[in-house]
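Each structure below appears as C-alpha cells.
Same chain, two partners: subunit A is paired with subunit B first, then with subunit C.
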Partner chain A sequence: MIALLRSEWTKFRTVRGWIAGSIVAVLLTAGVGLLGAAGTVRSCEGPQGNVCPEIPIGPGGQAVTDRFSFYHRALPGDGSITAKVAGVSGVITYPPPGHDQIVPGVVPWAKVGVMVKRDLTQGSAYTAVMVTGDHGTRVQDDFVNDLAAGGDPWLRLSRTGDVLTGETSPDGTSWRVVATTRLAGPAVVGLFAASPCDVTLGQGSLGGVIGACRLTNVTGRFEHVTVEGAAGTWTHDDVGGEPGAPSLSVGAARDWGSAIQLTGSGDIAPAGIDGGAVIERTLSGATIGLIAVIVVGVLFVTAEYRRGLIRSTLAASPGRTGVLPAKAAVVAAVTFAGGLVAAAIAVPVGLRLMRDRNNAIAPVTALTEVRVIVGTAALLAVTAVLALAMGALFRRSAAAVIATIMLVLLPQLLATASVIPAPAAEWLLRVTPAAGFAIQQSIPEYPQVEDYSVPALGYYPLPPLGGFAVTCLYAAAALGAAIVLLRRRDA
Partner chain B sequence: MTFTVRPGVVTGFVGPNGAGKSTTMRIVVGLDRPDEGSALVGGAAYRTLKRPLTHVGALLDASALQPSRTGRDHLLWLARSQGLGPRRVDEVLGLVGLGPAARRKAGGYSLGMRQRLGIAAALLGDPPVLLFDEPFNGLDPEGIVWIRGLLRSLADGGRAVLVSSHLMSELQDVAGHLIVAGRGRVVADRDVEGLIAAASDGRVSLRTTAREDAMEALARAGATVTVTGTDALTVSGLTAAGTVAALTAAGVPFAEVSAHRATLEEAYMELTRESVEFR
Partner chain C sequence: MTTIRSEWTKFRTLPGLPWLAVLLVVVTVGVGAAASALVPCCDVLPSRVSLAGVLAGQVAAVALAVGVVSGEYATGMILTTLLAVPDRGRLLAAKALLTGGLTLAGALVAIPVSAAVGPGATPTAVVGSIVYLVLVSQFALGVAALVRDAAVAMGVTLGILYGLPLVARMVQDPGWQERLAWISPMEAGLAVQGGLEPVGTWAGLAVPAVWAAVALAAGRSRVGGSVGPVV
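What follows is the complex of A and B.
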C-alpha cells in the first residue's frame, strides 16, 4: 500500500495541470470570501454619528438578545420567589393574512415568570422559571439552556448558597424540582415578561426569502407572589430598553398587592443571525473552490481511462483493490492541505477585514472556529474523493464532473439561494451530499427561539457533524462501488 | 490457445489482425479475463503477484501516456508502484537511449520515442519474462534494427521474450521460435529453422540458357522439374550437389545452382492460408 501511495502521489505531482487546479481551488476558496469581506461595510448613522449598537454577549460567549420587562428587588444572599401565573394575554401587531390590524394574541415563545439575574445589564447570567405562549412551563438559564417543565402555573425559584432551584407546582403545595443552576453573589430577583416578535417567512416572487418580524407584547397576571430574603423595594425596569421605542414595546408593572400585572416585549434568548455576521461568511468561496476540487478529483482518474494509462496502472497493481483507495488518499490529502491553508487564511483575515468595516461578528468559541476551518477543509477533501469515485464509475471526465456538481453543488445552491421553498431546501440538505456544508454553520439553531431558521439564512437542517457524515457516506458508497466495478470490469 | 514461451529465445507471435494476439497478452497480465482457462506466469496467476513488473514486463500500448507528464516521471510512478526508485528509472532510460529526452513532456514524443519509453517501462523490473505487442509499429528502419538487436540481447541474457507482429518480415532473423495464431487458436508452434526447411522442401533453383537440355538431363537423374522463367527452373528430388553432378555429366551449361530457401514470410503464408480472416 505504501508503494501504491507513493506511486499515485508521483502521478499527481507530475501533472502540472492538477497541481495548478489545486492551487486555483485554494485561491478561489480563500479569495472569494476575502473579497466579500472587504466589500461588507456596515454603517449605523444616528444622532451620535456612525455608532452601531453593541450586541450583548451572554455568559456562554454567544451574542444574545436580552430585552424584557422586569419588576424586581435586590437579592443579597439566600432567598426565594414564588408566584402563580393566573393569566397570560398579549397583542400582536399587523399579523397575516391582512397585515392591517393590531389583534389580541400571544406568540408561542412569549414568556412570563420569575427570575434571578446577576444584575440589570444585558447579557448577565440568570435563571428563570416561566409560562410560555405555546410551549408550556419551562426553566431556562443563561440564554441557551432550556428545559420543558410540563404546564403547571405555580413557579418557584430559590437560592441556597450559590445553588438555584427551579420548581413548578399545579397547586402551590406539592412542588417538583425541574432544574438546578448556579449563581453566586448579589443578584436581583423578580417577575419578568418578554414577547419576541411574530416571525413569518415568505417566498419572494423572484426567489429569495422575505422575513417579517412584527412587534408583540405580553401581559402576565401574577398572584400569590411571595419573596423571601430580598432587600429594597419593588422597582420596574425595561432591561435593554431604548429611548424612543414604540409604546407597545415599553413595559409596565401594576401592583395591587394581591396581584401584580406585568407587561413587556422583547426576548431573552441567543441572538441567532441578529448577533452579527457569522464567521462562515468568510468561507463563501468554498462552493466555488469546490468546482476546481471536483475537476481535479475527476481528472485524476478519468485521464487514465482517456489515455489507456489505466492498463499500465492495473498491470502494475493487478490486485486492483488498492488502486482507488490510494488515489483517494492522495487526492484527499492534497485537497485537505489546500483547504486548510485557504480556510485558515480566509477566516481570520476575513473577520479582521469585516471588523475594520464596522461589522459586528457573531462571537463563537475557539473550538467552533477551528471546527469551521478544519471542517471546510475536510468537506473539500471528502468531495474530492466523491469526485474521484464518480470519475472511476463514469470513466468520462465531463459526465463525472457534471454528475458530481449536480450531487453536491446544485442542491447547495438551490437550497441556499432560496429559489425553492424552505421545506424542499431543508430536505435537499438532509439527503444529498450538500448536507456536509452544515459543518460550516457556526451559530447553532436553538429550539427555544422562533427564528428565520431556513437554509437561505445559513441554518442547516442537520447538525454539523451529522451533515458532514452524510457527505462521507456518499463518498464511501461511491468509492466502494467504484472499487468493486474496477475489479470486475476488463480494463 | 496453449503454448509455452521458453527462456533464451525470442518467440515470435504472429497471425493476421484479429487473430487474438493482443488479447492473449492482455490476458497474461490480468487486464482481460479469459472466457475459460487461465494464464499462468511462472506457475502463478498474474493477479496474485506482489511486484508483478519484476516477473513480467509488457509493452502493450506505447501511446498510453499522460501527455503533460515527462517520460522520466512516467517511469517513476511505475517504479514507485513496484517499490523501485529513481536510480532504476535512469538505468532503463539509458538502456533504451532515451536519456536526453526523458525530461521532456511525453506528449511531444515521436512514435519511436514512445516505443522506446514503453520498452523501458517493460524492462523496469528487470523481469525474466517480456511481452512486446507490435514493438515495430511506427519505427523507422534504424529503430527496427535497434529493436531487433535489443530483443536478441534480451533473449541471450536468458529471458523469455514473446514478440507479436502481423508482419513476418519484421521477425526475420530475430525469432528463434514461432507461434502462429489464427481465429483465436494456435495454428503452428515450432522453431523457425524447421519451419523454413519445411517450406523450402529441399528444392533447388537453377539458371541455365539450355533449358530443354537441362530438363532432359535432370529428368533422367530422377528429378521433377518446373519451369519458373525463360532461363529459370526449380528442381525437386535432387540436392544442389546432385543437380550439379547430373548437369555436368550431361554436359549442360548452367549459370547458377542454389538451394531454395523460403523466407519466413513464405513459410508463414503457407501455414496461415486456411486461417486468414481479415485481409
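What follows is the complex of A and C.
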C-alpha cells in the first residue's frame, strides 16, 4: 500500500496541470471570498457620524435581539412574581397577501409573561415564563433555551438563593414546576411583552429571496399580579428602545393594582440573520474552487485511460483493489491541505477586511470557527474523491466532470438561487451531495425564532456534520462502485 | 459549405454527440416540468418557473460544444481535420455554426414545450431563452478551442456559468450582487425571463454575447497555434 501511495503521489506531483489545478483551486477558494469581503462596505451615517449600532451579545456569547416592553421593580434577594395572563391581543402591520392594511392579530412568537432579569442592559441574563401567540406557555432563559410548558394561563417565577423556579398552573392553586435556572445577585423582576416582526419571504430584485420584516405589537392583560420580595416602585421601560421609533413599537403599561395591561414590540431571542455577517461569507469562493478540485479529481484517473498509462498501473498492481483507494488518498490529502490553507487565510483575513469596513460579524465560538475552516477543507477533499470515483466510473473526463458538477453544484444552485420553493430546496439539500455545504453554516437555526430559515439565505436543513456525512456517503458509494468495476472491467 | 458538411458527418457518426441534442430537450423540459409541479402557481414569475429547466439543460449544450472540439484533440483526429481544412478560422466557424445550429434546433423544441407544460412564459422569455442557449453553446465552444482538454473546458465553462451566481448569493451585499449579476453570463442572460430588475430584460443578453465573443476570439487564436502533442 505504501508503494502504491508513493507511485500515485509521484504521478500527481509530476503532472504540471494537476498541480496547477490544485493551486488554482486554492487561489479561487481564498481569493473570491476575500474580494467579496473587501467589497462589503456598511455605512451607518447618522447624527453621531458613521457609527453602526452595536449588536447585543447574550450570556452564551451569541448575537441576540433584546428589545421589549418591561414593567418592573428591583429584586434584591429572594422573591417571586405570580400573574394570570387573561388575554393577548395585538396588531400586525401590512400582512400578506395585499400588504396594504394594518390588522388586529398576534404573531406566533409574540410573548407576554413574567421575567427576572439581571438588569436593563440588552443581552443580560434572564429567565421568563410566558404565554406566546401560537406556541403555548413556555419557559425561556438566556435567549437560546426554550422549553414548552403546556398551555396554562397562570405563571409564576420565584427565586430562592440563586435558584429560579418557573411554574405554571391552570387555576392558580395547583402548580407544576417546569424549569429551574440560576441567577444570583441583584436583579429586576416584572412583566414583559414582546412581539417579533411578521416575517415574509419574497422574490428579490436581483433574483434571489429577500425577507421582509413588518412591525407588530402585542398587548397582554395580566390579572392577580402579586410580587413578593421586590423593592422600589413599578417602572416602565422599553429595553433597547430607540428615540424616534414608530409609535406602534413604543411600549406602554396601564396599572390598576392587581390588573395590569402591558403593550410592547420587539423580541428576546437569538439574533438569527440580523446578528451580523456570518463568518462563512468569507468562504464563498469554495463553490468556485470546488470546480477546479472536481476537474483535477476527474483528470487524475481519466488521463490514465486517455494516455494508456492505466495498463502500466494495473500491470504494476495486478490485484487492482488498492489502486483507486491510493489515488483517492493522494487526491484527498492534496485537496485537504490546499483547502485548509485557503480557508485558514480567507476566514481571518476576510473577517478583518469586513470589520474594517464597519460590518458587524456574528460572534461564534473558536470551535465553530475551526469547524467551518476544517469542514470547508474536508468538503473539498471529499468532493475530490467523489470526482475521482466518477472519473473511474465513466472513464471519460467530460462525462465525469458534468456528472459531478450536476451532483454537487447544480442542487446548491437550484436550492439557493432559483425559483424552487423552500421545501423542495430543503429536500435537494438533504438528499444530494450538496448537503455537505451545511458544514459551513456557523449560526444554527433556533426553533423559537421566526426567521428566514431558508436555504437561499444560508440555512441548511441538515446539521453541519449530518450534511457532511451525506456527501461522504455519496463519495464512499461511488468509490466502492468504482473499485468493483475496475476489478471487473477490461482496462 | 464542405467544411460544415464534414463537421456534420463527424457529428452524426460519433456515438454520444447526437444524444446530447436530445438530452438538451429532455433535461430542459423535465426540470422545467418538475419546477412547475413544485412551485405553487403564480406567486413567483411564471416565466422563471416554466423555463427553470434552462439552468440544467444548458449543461447539454455545453457538453455538445466541448465534445465537438475537444473530442478531436483527444483522439488525434484534429491532425486529419486540419490537413483537410487548413484555414483555422473557417474550421472554427464551421464548428460554431454546427454547434449553434444544433443547440438552436434543440432549444426551438425544448423552450416552447417547457412554456406549454408549465404555467406559461412571455414571448420575450421564450425568444430570449432560445438565444441564451445558443450563446452559451458558442461560449463553451470558444473555451473548448482555447483550453482543448474536455474536462478543463467543462470546468471553466460551468464554473463561470454556475459559480458566479452562487458566489453572488453568498456575498449578500446588494452592491456586489448587482456587479456580479452584470458579469455573470447566466444571471444577466436569463434576465430575459424577468425578475432581475437592475439588469432589465434584453440588455442582459449582451453579457453572454460578450463572453461568447471573447471566448471565440481567444479560441480562434489558439486554434491557429501549434496542435501540440496529441494522444
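Methods note: the second predicted complex is superposed on the first by the 483 of 491 C-alpha atoms of A that agree within 3 Å, B and C clash if a C-alpha of one lies under 4 Å from a C-alpha of the other, contacts with A are read in each partner's own complex, and residues count from 1 in each chain.
Simple rule for what comes next: a residue touches a chain if its C-beta (ideal position, glycine included) is under 8 Å from a C-beta of that chain, and two chains touch if they have at least 3 such contacts.
Values in this document were obtained by computation on a predicted structure and should not be read as measured data.
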Exercise. When the two structures are laid over each other on subunit A, do subunit B and subunit C clash or fit?
Worked result: fit
Exercise. Which holds for A:Val431: it touches subunit B only (first), subunit C only (second), both, or neither?
Worked result: neither
Problem set entry | First (subunit B), second (subunit C), both or neither touched by A:Lys11 | first
Exercise. Looking at the overlay, does A:Ile19 come into contact with subunit B only (first), subunit C only (second), both, or neither?
Worked result: neither
Exercise. Between subunit B (first) and subunit C (second), which, if any, makes contact with A:Gln412: first, second, both or neither?
Worked result: second
Seminar exercise, completed: Per residue count on subunit A, the busier partner among subunit B and subunit C is C
Exercise. Draw lines from the C-alpha centre of subunit A to the C-alpha centres of subunit B and subunit C: what angle do they form, to the nearest 10°?
Worked result: 50
For this session: Kindly classify A:Thr287 by the partners it touches after superposition: subunit B alone (first), subunit C alone (second), both, or neither?
Result: second
Exercise. So, does A:Leu485 touch the first partner subunit B, the second partner subunit C, both, or neither?
Worked result: neither
Exercise. In the superposed model, how near does subunit B get to subunit C, counting Cα atoms only, in Å?
Worked result: 7
Exercise. Do subunit B and subunit C touch any of the same residues on subunit A, and if so, which?
Worked result: 17, 307
Exercise. Where on subunit B is subunit A touching in the complex?
Worked result: 26, 29-33, 46-49, 52-53, 58, 60-61, 63-70, 73-74, 76-78, 80-83, 121
Problem set entry | Of all residues in subunit A, those that touch subunit C in their complex | 17, 21, 32, 36, 39-41, 203, 205-208, 277, 280-281, 284-285, 287-288, 291-292, 294-295, 298-299, 302, 306-307, 396-402, 405-406, 409-410, 412-414, 416-421, 424, 456, 458
Exercise. Where on subunit A is subunit B touching in the complex?
Worked result: 3-4, 6-11, 14-17, 303-304, 307-309, 311-320, 490-491
Problem set entry | subunit A-facing residues of subunit C, complex | 35, 38-40, 44-45, 48-49, 52, 55-56, 59, 62-63, 66-67, 70, 74, 149-152, 154-155, 158-159, 162-179, 181, 187, 195-198, 231
